[in-house]
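I've put the structures underneath this note.
Okay, so subunit A shows up in both of these, paired with subunit B first and subunit C after.
Here is the complex of A and B:
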């Protein structure tokens, strides 16, 4: 009778290696995709930032820091960056409180909460272009909003919602809030449901009212999640692109372009005018990326307190 | 049972063997016929082109041993072609070619190198067509593309509205505006908010708005665009009366609302559906206003208005290059056969059929002068006849103004929005473009500015 002698150490390493190999194989498509479709284009775009590049090889030439120097005197670019911040300042203080309020309501043990949770999330899975087209029609001069407001006597004449910068910005804010509040409701709900029940039981025993419980217990215990939600909201808002391109395309007079939509519209090959200096657009994208990264890092650093509450 | 099985096996074996031989026979035939891939961006003429190409494939193509596989790339053909070249799957012939780019890389064939190429080019130059522009030639003067169809432009006007507001002659026929001042005046007369009547509509969100509704108007009015080929400099003062007409109409509130957020499809649909007096349009709008959004009103076509009707010039028409031939076409079937396909794609036969169906106007009106239309198409003949008072002008010298606003942006963002006066905008553009001109030629010493200078240029409109 043969007795199989197994080396326990060797067997353990073999299994581990097998698991690791499996893990890498499963990760591979994602990693390859990330390298090919994110890292490679990023490196390509970064290198082109120091060139005059319009897609024609004989026209391409190294221009050193010229694109970057020119960028600092390009008022249109800085205007679109300022628009982006204005858009964020207008949208985030509306979007997050609405999402928080709805999350509090959905967190009650009431009938039909599942239905509303799904309904609120639905806009998030609808294509941004479709949402933009829907809102363009709703706020059309002959659209439903003007008709409704005229019917109930708020307006005498229809309003051209895209006739001035601020009106068009509000339409963008409403459309973008409608698209993204649902996902924040889910984040807030998840955060609330992680708070242990016994904390609320203790509050009840102490005789704390609903508002006191919300502001002194629920909100502080949600603070670490709030930090992440706020960060995602800031990043998402600063990157707003398709919505602007389809809904206003910068109208009126280019005044509603956010920085991403501006770069895309004016410098993306295929969309921009033939012969445009794509290298300058790459420099613009690089500087914008650095600005947004600085904002995100600063936010993470200065919002650290939200993590330290409890 | 065994016999039955044997019989069945024999039947199956014979069927399989026969089909295999049939396959061999087909592949032998296919091997004799080489397929050329032809890509076009013209979706509007896809059906007719496919019919004509199918016919050619069965007749001349079969004799030559060449088959055309015609594909319409609905949008972004330039990107599709670029990707195809990058992966060595380029089409053998394609439209919307960036001649400079592909001639630099040696990917396309100069027509003069093809057998009979010189005579083919001469056919166009004999008509007075200037093939030295970037749409047709490389910087060394080699011709890669020739024109095929043209787009003429003008003002479409709602005859019912003109009659309603009494803008008619002594016979009661509508009288479309001839000058920019009249456009403003008539737009004001026809605007009546309470009845939702509007004088004119501008699709300012449309990417070609500035060229179609502003830039091109300057040619008929001043005989040139912003670039003056006589002096070799940029002079935007030709746009002044046009900018002033726009600002006047804005101040009068006599244009359709939502100007800033309208693209051309929406504007055409509104013109077709609502009471709108006028719209600048191109010959490509005929199909739209007859079939896509059939207009509810009786509409007519007039030439572009000008600043001074007693001092009019030839107005603008679009005449770009058509197909370019890739080196792959010559490698696959040889220069002679490839050029036969190229000539067929540019043939009078195709132009006449496309004209008859109301799809394309030919580069030379005489090709279709005697062609009888299948049916009367409203506006088609009027747009075709505008070719007689039109020119495709000359090529403007390039400028390098990276990081600064182009004229279209200055108009939309500053002039229209009221942050700059017309004069300020024109001064700014003159300074910027002439500086950009200098920078471009400093950075491209191989390019000769004299190529863009023609002191003899004149396009005075005769007989008008």
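Here is the complex of A and C:
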């Protein structure tokens, strides 16, 4: 028979326990929120990927891999995923070189660089939804862009910017670039200002020209930061959602949906059609989430090379 | 050599100015067109300045039946004030606990919270959120969304506060501890006052974020349209089908919704920018 040995001295709350308790109390709202409003919904959605679920509990049933099988033959879904990559491929090669050029120009001893920097960042403080409204207005058929281009003589006829897929995609790219190029200018500037001055002094002594210095010294030294910026840019672009929903909402004919905006429009509560199979939407969100996470992680892995340049 | 430098300088300024115009033009045009009459907006879009500037659009917006501006403004302010308050409290406490707390499970929670940055299921997770609210008898409304926000994890802000607190000299709280100050006491008496500059940055970013917020408030106010914040209401107006007839209202409303953020930016732009660079590019 075992005898439970009681602690001879009644244990009082020590200082350490008190500290622990206080720390947990301060963190409690976030722990509750994390479990209840982050983890539980995630598990719910992942589980529902194997169910037919339309909000009515009597209709809910386990369907095995059916949702996933349907997903792999769902042309509309893969089209939106392809669109998302198209969007990234159109946007990043325009945005980052522009940002880099502006950062180089602002990194000189010029008057008013602070002012330019502030103004370049200005679009980023505007709500994405409002940006979409502004661009919907200026690229309207009767809008200022058409009118100005006709006045200058670039266009003879006003262009219906939301009439074909590619034109609408370009409007999205322009709006999104407008919003975020200033951020990248600031990132690039921060990276350049981290490069010690004596590196440049050494270049001067060696008689290197401006372009040589830039391509042989500045850019390689910025490589680690460049990698971060490129990754942020890729992630941000692949997640594009709000802008598409408000600016084109897929127009024309659902052809400009990115994957996030497509799932949102089709399966978010209140926007989804009544009786739609949310389980299918969950499967879609799960596959998309995994694809995007894989891209991010594999990018991080392979881009280690960028880090090794210096 | 000297002339080449001057040429380079001029060239730099030209490029910078071109992009300056591109950066400012959409907002400039929106604000300028909001002073045009609706017929001028439609008939002469190429004119960059209104021929006869008028405040009619603003008067119309304030008295419009289809667009209850005052109410939306009220809810925008309510939503923003609550969000900023919550963010300041929870991110400062969270950052402090993770920087200075000594408790079991610290690493686990920190990693768990960080994980949220890498994987998300997006919009379908709103269903279980609504179910939970329903279970707690909280209606789907702007208040319901704010209830969720009270408990939300602001991981980026936690990172910001944590690294700031770590950089503070440890002797400060050690001496307070010797004087009998509790863990919570050290936060309120010692650390929080020192966090002021960072709180300004986090506060202003939270202000911008919540004032501009669209998707979540939109979903949560679908059943309660009178609770729409300004941005949600503006988009709803633009999608109401008679956009062409309403451009003047939309433009005036847009301008008014831009104003608070623009004023905040013109006063505290260094806070906007310092928050950005502190968060992303370190070394």
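Here is the rule we use: the second predicted complex is superposed on the first by the 273 of 310 C-alpha atoms of A that agree within 3 Å, B and C clash if a C-alpha of one lies under 4 Å from a C-alpha of the other, contacts with A are read in each partner's own complex, and residues count from 1 in each chain.
Criterion: a residue touches a chain if its C-beta (ideal position, glycine included) is under 8 Å from a C-beta of that chain, and two chains touch if they have at least 3 such contacts.
Source: prediction; values computed, not measured.
Student: Kindly say whether there is room for both subunit B and subunit C on subunit A in the superposition, answering fit or clash.
Tutor: On the superposed model, which is not a single observed complex, subunit B and subunit C clash.
Student: Please indicate which partner A:253 is in contact with in the superposed arrangement: first for subunit B, second for subunit C, both, or neither.
Tutor: So A:253 only meets subunit B here.
Student: Applying the touch criterion given at the start, work out whether A:37 contacts subunit B, subunit C, both or neither, answering first, second, both or neither.
Tutor: In the superposition, A:37 touches subunit C alone.
Student: Spot which of subunit B and subunit C makes contact with more residues of subunit A, would you?
Tutor: C
Student: For A:134, select first, second, both or neither according to whether it touches subunit B, subunit C, the two together, or no partner.
Tutor: Only subunit C; A:134 stays clear of subunit B.
Student: Now for A:58: first (subunit B), second (subunit C), both, or neither, which partner does it touch?
Tutor: A:58 sits against subunit B, while subunit C stays out of touch.
Student: Could you say whether A:269 touches subunit B, subunit C, both of them, or neither, answering first, second, both or neither?
Tutor: both
Student: Touching subunit B and also subunit C: which subunit A residues?
Tutor: Comparing the two interfaces on subunit A, one with subunit B and one with subunit C, the shared residues are 55, 136, 140, 249, 269-270.
Student: Please give the residue numbers of subunit A that touch subunit B in the complex, ascending.
Tutor: Listed in rising order, the residues of subunit A that touch subunit B are 52, 55-59, 61, 67, 70-71, 73-74, 76-77, 136, 140-141, 157-158, 160, 162-163, 168, 248-249, 251-255, 269-270, 273-275, 277, 280.
Student: In their complex, what parts of subunit B are in touch with subunit A?
Tutor: Per the stated touch rule, the residues are 76, 78-79, 82, 98, 100-101, 104-105, 193, 204-205, 257-258, 260-261, 263, 398, 400, 402-406, 409, 412-414, 416-417, 443-444.
Student: Spell out the part of subunit A that touches subunit C in their complex, as residue ranges.
Tutor: Result: residues 16, 18-20, 22-27, 29-34, 36-38, 40-42, 44-46, 48, 55, 98, 101-102, 105-106, 108, 110, 116-123, 125-138, 140, 142-144, 146-148, 150-151, 178, 182-183, 186-187, 190-191, 194, 225, 228-229, 232, 241-242, 245-246, 249, 260, 263-264, 267-271, 278, 281-282, 285-286, 288-289, 293, 296 of subunit A touch subunit C.
Student: Applying the document's contact rule, which stretches of subunit C touch subunit A when the two form their complex?
Tutor: Residue list for subunit C touching subunit A: 9, 12-13, 15-16, 19-20, 22-24, 26-27, 29-30, 33, 42, 44-46, 48, 90, 93-94, 96-97, 101-104, 106, 109, 112-113, 116, 118-130, 132, 148, 150-153, 182-184, 187, 208, 211-215, 219, 222-223, 231-232, 234-235, 238-239, 244, 247, 250-251, 254, 257-258, 261-262, 264-265, 269, 272-273, 276-277, 280-281, 283.
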